[in-house]
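Just dropping this structure here.
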Amino acid sequence: MLETKVNSSLCTFIGSIKLERPTILASGILGISLDVFNRIYHAGAGAVVTKSLSKEPWEGYANPTIFSVKGDGWLNAVGLSNPGAPNFAKMIESNKDVPIIVSLVGSIEDDFEFMIKQFENTKVLAYELNLSCPHVAKVGLEVGDDPELVKKIVKTVKSSTDVPVIAKVGLGTTNYLDTVDAACKAGIDAITAINTLRAMAIDVETKRPILSNKIGGLSGTPIKPIAVRCVYEISSQHKIPIIGCGGISSWDDAIEFILAGASAIQIGSAVGDNWIQVFDEINKGILQYMEKNGFSKIEEMVGLAKKF
Amino acid sequence: MLETKVNSSLCTFIGSIKLERPTILASGILGISLDVFNRIYHAGAGAVVTKSLSKEPWEGYANPTIFSVKGDGWLNAVGLSNPGAPNFAKMIESNKDVPIIVSLVGSIEDDFEFMIKQFENTKVLAYELNLSCPHVAKVGLEVGDDPELVKKIVKTVKSSTDVPVIAKVGLGTTNYLDTVDAACKAGIDAITAINTLRAMAIDVETKRPILSNKIGGLSGTPIKPIAVRCVYEISSQHKIPIIGCGGISSWDDAIEFILAGASAIQIGSAVGDNWIQVFDEINKGILQYMEKNGFSKIEEMVGLAKKF
Amino acid sequence: MQRNSNHPTICKIEKVVDETPTVRTLTFSDDVLSNVLPGQFAMVWIPGVNELPMSVMVSEEKGKAAFTIRKYGEASTALYNVKVGEPIGIRGPYGNSFRIKEGKLLLVGGGTGLVPLMRLLTGIKPSDDVTLIMGAKTQSEVFFEDYANKLLDHNTHQVIVATEDGSYGQSGLVTDVMDNLCQNTKFDAVYTCGPELMMSKVVKIATLKEMFVQASLERMMKCGVGICGSCCVNDDLVCKDGTIFDGKHLLSKSEFGHTHRNKAGILEAY
Amino acid sequence: MQRNSNHPTICKIEKVVDETPTVRTLTFSDDVLSNVLPGQFAMVWIPGVNELPMSVMVSEEKGKAAFTIRKYGEASTALYNVKVGEPIGIRGPYGNSFRIKEGKLLLVGGGTGLVPLMRLLTGIKPSDDVTLIMGAKTQSEVFFEDYANKLLDHNTHQVIVATEDGSYGQSGLVTDVMDNLCQNTKFDAVYTCGPELMMSKVVKIATLKEMFVQASLERMMKCGVGICGSCCVNDDLVCKDGTIFDGKHLLSKSEFGHTHRNKAGILEAY
């Protein structure tokens, strides 16, 4: 067993959600199979987030759906392909060990209510509402950009389940802080920030947009400074627990988010660059940093940069 | 003389503004001295944009104001330090050769009107209204985020001068396309997209935000796919000429923006990485690409990616 | 333009060769892909259509590589139809490669599954004794027979063709041929690529006879780099952990030879 | 954490030495800065206060470097007051370096302008005949005299101190001393760093006598890498084209010795 897996210093709380380790697999990354979740959990992740699930199965967009861009970034428009919440719930029914956060995507309250029902008999650590996917019509960011709708959805979801509910926000065409505010007022338990940023790449030889959907989401190293800013802004304005996400690929990236105000962090694109040992590497780096700097708990570091 | 300086294939039009070459020095980069403008023009830039000027001189923020981040990005919060429009106008009075675009920053119509008066006797190619600096209160993005105010400012400016006026937009807390729309309706001549993106970096050893202003703007390679997307979106919705800006460091980056819909491009951070020969290198690369692909004019390439 | 192995690089098709009425080989110049390890694949972008995983085929010319495509659905048919001078985008190479053993080697391939086996043949020792069993539905769909014989010119070797309808070579499935062969012969290593049900059988036969065996798997792929998860077989990601797996490992996976995932990620039976 | 030369790297101060009542040397471990070229500088972050350009001072210990700071305004005073064990951030090194000639060398420095000259002394040949003129307001502000003599131990050399109030060494300005010296002696090269009016005079004297001369300029700096423009002298960017320039070049610049820019970028007379 990895040394970091049994080290209680790495334990963290996202509100009432307790994690053994602060590193979480982000939604959409390797997130469609229970066997893979098990593997990633045993590789060091404190929890895994599923691919965002919809009511019905979705095929997603044609390829190319993912490729990398200059500056260690990734561009994707997978189109939220997923087996649908009912199929998925069945698949993870047998889960015993893995702390699974179920990501959900929908257009109206009822969608979310329906999906949560599917998981009634399943061990779910938390739900994450995807209010931020930037490249699929009528869901994700188009919902997140409407704080009133967000309020309705969060209220409905909160009254449908006792499991903690996280809202995942991103940067859209309104002020994302209004979305955070709406979610908080409606009783959300935590915020994940941020999702990918709307972006595009054109191939100069063929003169075409490369993604089949033309526009997609930018992730990885390029978005880190923007994500850190968002975590800092949210934590400066709200008392809500935050999960930081965006461009984290090494322990110091993770610490940067924690100092900005995150209680845990999610790792996405870095899995494509560094493979799944990235969880253990980051956990080890965080531990070493804590020892060197005299911290015994993650929460002692959360938001320290706000002092200045 | 550089071969690219006399090649008419590189000539481009931003509406009525004619440039010998499509590569422009972005605002805030080396932009405070006429002698430097001369040097950059002779190094290959088709035009130079001045540092954004305010009514009064501004000292800007304390250092650190600029440094680089992972993924070939730069973070800055210079705080719009500038000598003020009156001083600056005097300094460039003697300009004969250099196509200078004067960047202006202010809070209300009157600010802009006042500043434009200062340049009445100066050779100015165009004005660029900075509606997008993301880290100074009451100007820049805080103006750009208010489409009604933008409309007023553009109307006033357009009635104060016959020189073409460009609006520089960025991503803020409202839909930047509304800002573009407002500017277009008020008679703007062209749009520059985009400015830096609000971002932050925290030093994990000292646990502090590094920029003295804490929050600054991200530029360079990381923001390119986002900037390309904006140019593509604007050119898909408006007939307005566009200047692309954001993360351009090589000829293929420049072509990507042109295919997305830009008639010219601005180069900022790449000057810090590749120094001022970057203009000539990009011009040469564009020329070679045009020859290889059978284009004889820049305008033949503008927006070609929209076909697909 | 600096090459980024995870971003499409444009190549122009330089030669098109019809192997059978449904299979074509497209050749292009690319230093990186000309040097891949046997078994590696690329993600191939057909601009405006789709992007597909394709095993990298050997080209006899230096600095060149190829793809051998069976026209099937929309995407593969579009790739099949790319003309000389037209562009495709490639990224990669991705995946691991065959562990090449020495001695008596058995290769069992079906259809375009022969592609990685051809490159494997370029990596063996002259002292190896090689048997290649290649399968096709019918005579007109047999390809690479001459090419395999040519690659094996300096080896003790036999190339056995099996057609399902018996119109050429031996009649029946490659696995029948293999079963027979293995009654008397113990191979030092078995390599297989082709339809998963075929590979599953090859792996079982070889394992029963205690022979080292490796199979190259195909799954729905989007990223090719271990991000999207679409290619998983139980807890393995075919693009990253494979595409080549040891037989023993595969037999421990409940999904191998039984199910694969569709575009929505739903498990479907073979 | 991978080092990025344009991003602050944190170092802890390991030693503080008072050179004069207003000048201190802070030593720290850093492999990169310990190996800079003579004349190069770093941007030094005093967390919570400011970031300043500082010439990199020699340290006698391997793997170490130093800054020698005169306390002046808020930022330099804060740096001056950094204690042992406290962190500073450094990025760089930036700037070009002195073109080191051979033969009879003259170095003329004032105040902290001596810093790059000290590193220059570590790069000369034992056969060089070196004269160093160092200036200070008064006796108590003289520093690096012993250190310079030590560095020049194996050379034919003289270290001449000039104090403005005549309290130590020769009385007057370094430029007076230089003027006298140059009546009889032709140097193969002259190097100068210090207040710009002093350097302007040194450059003029040397040029008049047709001696090769280089000066290291100081300007308001923000980026250090040729982005912000704040350090310009006519069309030169001191951080990128300099800080070291040939005398001839400098004499062609109307701003050298006359004006510099303030924080708003407005030209001010010296």
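Just so it is clear, A, B, C and D label the chains in written order, and each chain counts residues from 1 on its own.
We take it that a residue touches a chain if its C-beta (ideal position, glycine included) is under 8 Å from a C-beta of that chain, and two chains touch if they have at least 3 such contacts.
The shown structure was predicted, so the numbers you read here are calculated from the model rather than taken from an experiment.
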Common touching chains of chain B and chain A: C, D
Chain-contact steps, minimal, separating chain D from chain C: 2
Pair with more cross-chain C-beta pairs in contact, given B-C and B-D: B-D
Centroid distance [mean C-alpha coordinates] between chain D and chain A, Å: 51
Distance between the centres, which are taken as Cα means, of chain C and chain A, whole angstrom: 36
Where chain A touches two or more other chains at once, by residue number: 69-70, 201, 204, 208, 252, 308
Residue list for chain D, restricted to those that touch at least two other chains: 1, 48
Pairs of chains found to touch, sorted by chain label: A-B, A-C, A-D, B-C, B-D
Residues of chain C touching chain A in the complex: 1-2, 4, 6-8, 10, 43, 45, 47-52, 75, 87, 89, 91, 222-223, 225-230, 232, 234-235, 237, 240, 261-267
Chain D partner contacts - residues on chain B that touch it in the complex: 28-33, 35-36, 38-39, 51, 57-60, 62-70, 74, 76, 78, 81-84, 87, 91, 203-206, 208, 210, 212, 268-269, 271-272, 275-276
Of all residues in chain B, those that touch chain C in their complex: 250, 252, 308
Chain A residues touching chain B - in the complex, by the definition given at the top: 69-73, 75, 171, 173-177, 197-202, 204, 207-209, 214-215, 218, 220-226, 228-229, 232, 247, 252, 255-256, 259-260, 289, 304-305, 307-308
Complex contact set, residues of chain C against chain B: 1, 48
